[in-house]
């Protein structure tokens, strides 16, 4: 196995606050890597750096052997790097289904094709709609598919967020706390599907989560981030036994 | 019922000049109706519409409504030169409607390809600019700075003035356009003052930029002599800026010549309750009166033949008709005689371009008011 | 649900049609058609805005700048050729001035490209500023004598005497080109910041058109402009205007069809997504800046075409007439009242608001005249002498009242944007 | 008399009803926990109780006093506090100002509570003067909780207080909830960490499609296999 | 030396005065913008209205000012501010509140405020006519010509009463407003409300009161701006409408939501205007003999007819450099 994502000695500060300090991680191709750490450790910030939403102050980020340090988010998407947001970023004035349908790049996104090759566009649009209906069924939102996404409940928005990553073939998916606010029974289905995508289609996942059950079921290895740098890396058992991690993260009486 | 249209800038930069001008035209209409009406006792009505002065499309719209909706026989107006050009080119000329503007002083009016339909009862600015330049030179003022309002009026007047003034040996140290209606002209005044000349010519409207410019010019302490043209004349200006400040300010305007019509008009206007000295009020009176005479002469409310009739009643030969002498004029016309209107603002003898020879009044601010000190023909 | 909307929309359209009919009856058909033609030109402009705001959420408050560019191009390309100028020396002098401009652009561009030679920023920036200043002075001094000579000897350079449709087309293209450059600078800005920046751009465009007398005659205005159809002088007002209306109507039909296709499809969805959430659209692979630029340019092209149509119809190019505030917001009100993001609503809004705008003056006059007539009759009340001119102020008041009332009762517009439903 | 009692509550957004006849009651010394699938109407219920949403039918009582469709401002004066699920902070106000806003209705000196909140959420103490919009997901959650605690409520409504919190704080928060409850504060909370929450609950409500499907003690619900399978993730 | 005095008069004082006017208007706009979340286009007409109130009060009691040694209109300012604030509150009740209650997008409020602008303008002109008026009725504007204590300077520095009052008032108003917003409980509640109105209600903030107070502050500041401006120049029905664009530009350049930003923005725009058209040849003239080139008569950055574009060039430059204004303003 080789590293599909490599973060090399990256630092990022907001004003005088150093959020990421000389942080290096590697995500192996085909793995489901967990990323945990205390609140404010810089996990989401790291995602934003990898996905091109922010630029690092120093260090570099590599994806499939290429330097993507200053590649903008939208181009990374086309190279198969997808992400979700911790605070759901839905398209609030579009229906839930449209939220999904907007994801795949389409011929019809060019005006030229829209006007001069309408039949191609229509055909592809129909495919996308099929796919979207499938996905929306899967994340359990079929009954609200024509509802405005802005009117969905908190958990439904998170599900929509996840559903978007299922609309296209990806290589790496960054999941930022998709479990928060999602019903546990439904979550089990989601976990199974993540595993399926991983084994059947070879997706690589990097998962931020505070739900240890989910991490335990899903992730190997797990990286612990604290104060912007890697505290340790290992299997979930190793981590749950580590003193300093317990101190910083789990608290003494958990598990 | 015979209809005349009046289009003018009731809103916009000359909004406070417009009402007395309308009153002038209304006075004529009122007198005509009191003296038996037009075309065998029909009433003459005067409809009005707003051109906004700055917006060509509004002017066209106003003219269009007058011509196509109200079906007026002829139009008094517009006031601002730009509005007149727009209305003439796009509506009045295609429709064959005569326009008589009481206030459009821009030289460009004479250049409209107008089928001889556009007339005016006020002289062109090229003339006023020329007179003003010569007047100043004759007073020994050789150096001057000019600021003009950035529209056709200001620009036309400034061009006319500058060329004559410089040809006559004067020097225009700075000649700046300014935008109308702003709150503050200190920076423009600063630019003007930076030339070191302390005589300031303001070619603008008293109500908008003119007053502010004069006030701030005084505050700046950089100027000692103020000069203005027709747009600046108004006693409110003196009150607003301060009589002592403006004392000695020189101005010109298309004047009421020393003719009988002028006094007759003044009395009638005073009786009707508006200031006979308001700019362009007498010209508007003449415009409306002339059009009424022309309609009477033409014998119907039709638009055809009106332009010929207009010339015939305005120009000699013929019996002289003075302002207010409607009944007399009607009788003469009925008798098939020629008439020659000699108006309140001048003899109103149109030349082949529809212009009238000008009479320019020289005015000076003295004891808190603009006073006429001479007439220049 | 669906049929309910249909009847409401249908009802509104019928009401509008009836009021247009009434307008024709009361104001005469020549005037009525004239209002319609102007409304149709405004509708093209409003469609341009609705794709910018309604589709992509771009707050363009500089509409009048692009409309003015359209009008300018209609004037420049179609106005008869000024032989006097072209056969004089100034023509070649002007050509030389343009060569200087070109040269200056090349030099500035070259200095900017120093970046590639990895010249340090500390040297590049001062160098660039100095080059800019020198180039500016050089170009300005190159143009000044020529343009002054042109103004004093020939008035202005005159038009190119081309067919009207070329003028309109170029109007659109020119507006689009300007939009391209402006978009590059401004589209990074957020909503209201963008608004005020575009407003500034419009002011700058207007100031340029107004003060470049050699090119536009400035405030002296250029008229009459040729028409694409026989003019009123030849065939009478009604026929000429009806012909003109048919031209703009066809234009609107084409634009409407194209926009509708784009809006319904993936393109429209993508635009709405960008409008809703930029961060998320970028994460979903949409090139936000590029797409916003695209829609900005498209909208501005329509504004340019609409502006050209308007100038040609009015037969006059008057840079003063492009009052940024009033007209910009007239168009905004059209879009907001009609329902942003709804093309049909925008068309409706354009006609509706324009009719109100036009009719408010005579209506206000009529009301006040009636008041003064009866006041006189019943109470012997004398209207003040400047009553007629004050009456016209009532227009301003009544427009304001109508806008607020309609917004109050239909805050999402009369034709709200619909959520796309899939079974 | 119950501390809070909702009877046959109907309500929703615009035309559509989300709550279809809901009943719920907790006593002053009780912790009530609401669980249920996403979109069941849990948040809607809390909003309805807090007067942010029109109740079209049914009644809500606080200590026997009718508070159906009361103004939120009044409820705050009655020492009720609410932490919404989303948008529960003032992003451009600093952390300290966020907390001060929580105490807006207080006329007395609340300095000691402020200190308590900082003590309970140490990360916030460091970030006192940072705009709350720049906080991490979990830190925002702490600010939201802290803000609600500022009035020293006698009844607190919490909508997923632990979403996004690290295990350390999650455990802490549950503990804290037990403590404040022991001090006589009624708690009604929505949770997706259902098992942990139901463990400390005196009463549990399973909401489905705007109606109670099950109402029981927390432990009973956990042990109910049907509930566990369908709603608690097995 | 004369040249330098000229510079002070034409650039420094002019810039400060016009900048203060822009700033005073911008403060109100920025406040409404950040708390009620829309660009309030009727602000300029509130300014006009306030000035008219001051005018009427001055006309009623023309003798008060001379007795106190201040311009009457300035003495009347608090009353005029109160009246305008009241008007603003009721305008909100009638036109904006119903829209807010329906949760409309900000743009709809912007359009409504445009409607209100037109209504106010129409009303003011219908009743007041269109001509300009002077706020000095019984008194006259005090003009201070301060002689510079240098041998070569024979031009005085010129400043007028209203200008001094304007600057003083501005400084006091901006500092007070900033302190109010950042220190007082109500001020913080106003900012909270602008962030998240629903949560503000949940926190027990009386949102209606916050809105009312916002309008009271905005209305009284508008009245002050209008009155002080009219004192300095003259009172016209459409005077402040002409100021609307630069005022908005100032608010935006400063960064929405910051009173200090509005102040900075106002001065940036004011000085940009005066500096850009200043004829630098004046300052160089004394050194004419030493210069190696012929001094042109006019050496300004831009000709005055392009002055109107200067604020916008500055605005563009600043926004490109800092997309949310000098003080990192809010984005709504």
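Letters A, B, C, D and E mark the chains as written, and numbering starts fresh at 1 in each.
Note that contacts are C-beta pairs under 8 Å (C-beta built on N, C-alpha and C of every residue); 3 or more make two chains touch, one makes a residue touch a chain.
Remember, it's a predicted structure, so these values are computed and weren't measured experimentally.
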Partner chains that subunit A and subunit D have in common: none
Comparison of B-C and D-E by number of C-beta pairs in contact, larger one: B-C
Where subunit A and subunit B are represented by their mean Cα positions, the distance between them in whole Å: 75
Centre-of-Cα separation between subunit D and subunit C, whole angstrom: 52
Between subunit E and subunit A, distance of the C-alpha-averaged centres to the nearest whole Å: 49
Subunit D: positions in contact with at least two other chains: none
Subunit B residues counted as touching two or more neighbouring chains: 11, 15, 150, 177
Chains grouped in pairs wherever the two touch, ordered by label: A-C, A-D, B-C, B-E, C-E, D-E
Contact set on subunit A toward subunit D in their complex: 14, 17, 36-45, 86-87, 140-141, 144, 151-156, 159, 177, 180-188, 210-212, 248-251, 253-255
Footprint of subunit E on subunit B - complex, ascending: 11, 15-16, 150, 173-174, 176-179, 181-184, 186-191, 193-195, 207-208, 211-212, 215-216, 219-221, 236, 239-240, 242
Subunit B residues within the subunit C interface of the complex: 10-11, 15, 18-19, 22-23, 48-50, 54-58, 60-61, 64-65, 68-69, 71, 82, 85-86, 89-91, 93-95, 106, 108, 150-152, 155-156, 177, 273-274
Contact footprint of subunit C on subunit A as seen in their complex: 51, 53, 72-75, 77-78, 82-83, 85, 89-95, 97-99, 101-103, 105-111, 114-115, 118, 121, 124-125, 128-129, 133, 145-146, 148, 164
List of subunit D residues in touch with subunit A within their complex: 13, 36-39, 42-44, 85-86, 123, 130, 134-139, 141-142, 159-160, 163-172, 192-195, 229-234
